[in-house]
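Across the two complexes that follow, subunit A remains constant while its partner is subunit B and subsequently subunit C.
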Partner chain A sequence: MLTETMSTAATIETKPQPPPAEKIKVKVDGKEVAVPKTTPDPVTGKPLPTSMIQACAAANVIVPHYCYHPKLPVAGSCRMCLVEFGTPAIGPDRKPIVNPDGTTKISRALRPVIACATPVSPGMEIYTNTPAVRLMREGVLEFLLINHPLDCPICDQAGECKLQEYSVDYGNSESRFVEAKVHKPKRVELGPRIVLDDERCILCSRCIRFTRDVAGDDALGFVNRGSHSTLTAYPGRAFDNNYTLNTVDICPVGALTSKDFRFRMRVWFLKETRSLCTSCATGCNIVIGSREDAIYRYEPRENDAVNSCWMCDHGRLNYKWIGREDRLVEVRKREAEGRGQASGSRSAAPTWSAVLGEISQKLKAAEPGSIAIVASARQTNEELHLLAKLAKRLGALTDSVPRIAAGDKLLLNADRNPNSTGARLTGIAADPMGSNLPAIAGGIRSGRIKTLIVFGEDATKCGIDADLLDKLELLIASDILPNATTRRAHYLLPGCAHAEKRGTFTNTKGRVQKFLKAVEPRGDARPEWEYLHELLVNVTSRDGIASIEGVFNEMAKEVPAFSGLTWATLGDTGISAKI
Partner chain B sequence: MNESHTTEPIPNALLSQPDFAVPAALAAEADELITHYPVKRSASLMLLHAFQDHFGYISQQAVVWIAARLELAPINIYELVTFYPMFHQKPVGKCHLKICRTLSCALGGAYELHEHFCKKLGLDAKAHGPQTTGDGKYTVEFVECLAGCGTAPVMMCNDTFHEGVSLKKADEILKGRGQ
Partner chain C sequence: MIIKRKKLSLWERLYLPAMLGGFKVTVRHFFKKKVTMQYPEERWVVPEGYRGAPYLVKDQEGRTKCVSCQLCEFVCPPKAIRITPPGPTGVPGAGNVEKAPAEFEINMLRCIFCGFCQEVCPEEAIFLMQDYSLTGTGRDGMIYDKDKLLALGGVHNDQTRKWNRKAEEARAQGVKP
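And then the complex of A and B:
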């Protein structure tokens, strides 16, 4: 439910704007607003008459609703959004009747209407808070609760459930229903990631419309009739597309649950942090739910320039690596002489400052052209920018590693790096990305390259084999999880997952977006931009206070594509850069 | 810990019909029915009727076949089969007794009539939904208004309409069907 309430701060989009639609004036609870006559359908983009609920939203009045969702076609099935309204009274001369005080006479409609499916008309007055409207909401809620199991104590949705919330506002504390409740299946495995509790379903059909109209997989439907109506997928056909978990987000109650999150954490304990998904170049905006430095879930965060209200299941569930037991948590140093496998002797407990000092000395002393850098397009713009500056200073050959897999039509990009664009714009990646890697391998083989700096990648997986790594005089690796390269590194610098630091990525369309820190880094791990900044200070005698804002703003001045951007103006939803 | 919470498969209201095969005539009838409508989906109910007339009930295989013919997902057809009580999810008896229980008929003795049939045929009058005798010959079922309210209680035996059905008349109807 987060996605709906999250603000969409000013986004600077460069889509061609349609001609301004004709505006009509309506009054919502006495407040006048001008709304466009038509609003594009969220799925097809076809202009549809602007509805009362949209006009109310424009007036900052939220009409309670269940089946309506701003990004889905309208169903008008729950009746929670009933409102009263009036329209200008028309006299026999077919002109609006004017009151003695000069105002337009309004004739109030005799019946309420559903705000989600009723178009506005000029001069209409919408009343969302009359005694009758409140009574109707109470009535709708009472009906919804007739067969509801009231599972709240064991329901994952409790705490972010619209049924709970509106019950507080409009519910009765006691049920008048004395008959037996209808029972339905309680733990149906709809698909590999979704478990359905049909007793909790309020039959709003949001999940059906999402999967049919947005995900393009007509998988869900209602079977049976009346109070026996039951949400289901076709028996034997698992509900299994890459977007199924979005139905858990938009389900206003606890009927659709995520197998991954089910029964793991009460939502009110979760700290919510604005972040980004790192699993592909789309850069879906997310909220990380964490408690005591453990991550429990990712949820999409609305950004109409990127991911609307959705994210893919692949990205959503790809967070467990952050909490892996074998995370790199210590700064490590391996003496050169013990370089053979496994036998590498490690000095007791090297400190960050000692190690960074030593690395700086060695880099400064290295002959120009003897250094190469393999960066990762999973690093942030700031980190890549600092690395690019270091590379420039050292005359190093640089590149980063492409990561391609199948994409899909909706969000998942074939480029599985979150920041390929950043790697290109900061100049760290070759064009095309990865085309310098053979030259780096060749340079090591020929002995010309003696020092290799690897950030967040396993060099042995991109053509720089272990025996080449063993030839190096100096191998510096920064990473989060162990791999064949980190095991061979003379200096190992433990880095941070995005959830443990702040930074920005540039998505495939050039949108520069920032993410914030959700959890503390493990052990000695530090954000890469911090120690890159320190290295740069040592190597280039640059100064400046180490802050992510400072690094970003400096980068914006030096990288043409980012010019004019500042950390502050990125806001919650980012800005599209000219790429 | 999570793994210990057992889940259930998606419930299935339909039967499997392993020997399901659509004869050419039925397929042709289906294709002809589809031409009656501007969009294929509109033919859903007509196809279901045609299949029920042919097979006596709607099986899982029939749902999948019809959906494919209409270029729909099977869930769309499955919804209809479970929504409309006139579609049978399992075979019904050769003699299908449908007793109206809407207001006029309820007041006119529909429940007694239903119970009478059930007793005679050894069926459970209290059970939900259609009841079929063990030999598969008779099915007794409540239905909603058959539009004969003035002559309550009314019922149908297969496609034959019976009005003002007293218990005596009920016995005659059964007798006519070989009971």
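And then the complex of A and C:
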């Protein structure tokens, strides 16, 4: 069932790639570029004539725009992208006229065109920075601002608003408009996660096109006419699909705001860290916005091999647990059998080095076959690899815990573990994942397994009940939040959320991607790979490299699927492994 | 590098002429009008436009003018300001203003009275007033919170009243502001 849902989860990578199109040469502001004659439509993949704005982008010239979005169908409604152009002049003999100096004669068009919806033609010259173009931009901005409320001080978009930016670049510093502005509904609950301010909307229709063409939920539209045009959800319908918050990202102004992020922090304070969403196996690339060790939002980061420019609302809002009050923040040791066991009495604050030393001693002394490891497919590749090595050394029975829920057709995968592929490739997970768990439970029941190491999972939720845990001679748990297993652990090692450490995940299609550290770990918590590495060094008495780069590069040498990869070559968007 | 010590001239070595010179200045000031002020019993009249401690103000209707845009927090060179935004629910009953700070703190030990916050404020909500001597019995007491800042700042006689004007304009068009 799992594989079936997964195969229907079509992300951008699976779209058929059209054969390379024939190239044509155009000049952008005097710079010649060769662009393909056609470019695949971002939604359907059908070849469409390459537009001027795409040619300009190829020449590294950004044409200001509002309604155009590289991943949406073209609307051509805002007119911000007006440019001037010229084409080779054709003589009576149907051949291009050549100037006396040997260059092709260009006949300049008499009127401007919108760069986002005008196809390029061979020999075309595009002028994006002429006095006329600048005047047109100024004019467009003046019209856009006529009915705009200019309430930047209370607008969440301030600081990342295209209306602000282009007004500074091309607009007027003063308004000539003295009449009353048209007023429209404010603070409209467009859906459970979106608040709309219609006065700020510039009617670009990006949100409408996104939800109709990308999310496949035709929920939004404009009503009324002229300056009274108003964005609204269809009557009686809520705008509540799982992708609504992407419209907040692509809305160029502050009309659509996220209810979750609303009035919580000004965007210019947010530190941006490249990271990954951990809520399913798709592994959407994200940017974490944090300030002073508090996380305020996730936003999608473009990666055409994984998530294009989007992410689902479920993943986007799943960050609050990182800041939870009851996070595990100290190393804990509970005296085994005998003295005060019922109350879980604790000896005086144990230190990391003491606890890791004791654990290594006990693991070394354990008889082979008496140890089992329950890992988590929420851990990173490096951590799983280190655990697998430890398991091999100790002759331990290992597995990780599957996490299945309904997926959808766009991004959300039915496999809700971010690193199931990694767990499989590093050899920590059984095939199929979870099939060793009954054996581990049975081993404990029969008394054969005396030591259990649990990482990032609650063993009582995967068939190893609390009374079985109590039978163990040694229970070592590492986790982020408290649960029934951590409460019973003899040694509790507080770990880090992904936002607090670095590492890599392998997504469902085998793309190895890295994430960076956004905030500091809480209290005494340490990244799992650090203490796993230390444990492994203690147990095997060999030296190691104590850096994430070193651990990754070593893993790449030892795991066949990762061979040839290095931490550095992963880059920002990852590399597909041979799975 | 070696710097040669200059030999003093005979005149300089005599010592007395220099002392007399200094004494002359003392005597001159002794008979002049006194400038020393018996602070704190006597107080200085603070001139118009003086930049003392920054305080928050309310408008004529008693609304906190600050909308928590956090520009002053951003611009403040010594990072003396800390604002807690109101969060997703905004401020109930604030009408079309929607926002106000949940908390606003200025650490007066950090503040350098530069006036950037007043300069940058788009809402005319913070002003450098005439207080120049702030005292407290501890560091914590020198962090002024929102209530204290508002009490010290008083009412600003705003002539523009843009939020009222906007609300009236909307109501005239039959739209809820």
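Everything that follows uses one rule, which is that the second predicted complex is superposed on the first by the 556 of 579 C-alpha atoms of A that agree within 3 Å, B and C clash if a C-alpha of one lies under 4 Å from a C-alpha of the other, contacts with A are read in each partner's own complex, and residues count from 1 in each chain.
The working rule: contacts are C-beta pairs under 8 Å (C-beta built on N, C-alpha and C of every residue); 3 or more make two chains touch, one makes a residue touch a chain.
Not measured: the values here are computed from a predicted model.
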Which of subunit B and subunit C A:Phe263 touches, first, second, both or neither: both
Partner chain in contact with A:Val223 - subunit B first, subunit C second, else both or neither: first
Touched partner set for A:Trp321, first subunit B, second subunit C, both or neither: neither
Contacts of A:Phe177 with subunit B and subunit C, given as first, second, both or neither: neither
First, second, both or neither for A:Pro185, with subunit B first and subunit C second: both
On subunit A, the residue positions that both subunit B and subunit C contact, one per complex: 185, 187, 259, 262-264
Contact set on subunit B toward subunit A in their complex: 1-2, 5-14, 60, 72-76, 78-79, 82-83
List of subunit A residues in touch with subunit C within their complex: 149, 152-154, 158, 180-187, 259-266, 268-269
Subunit B contact footprint on subunit A (complex, rising order): 185, 187-190, 195, 218-225, 230, 232-237, 259, 262-264
Complex interface listing, subunit C residues touching subunit A: 67-71, 73-74, 85-90, 96-99, 122-123, 166, 169-170, 172-173, 175-177
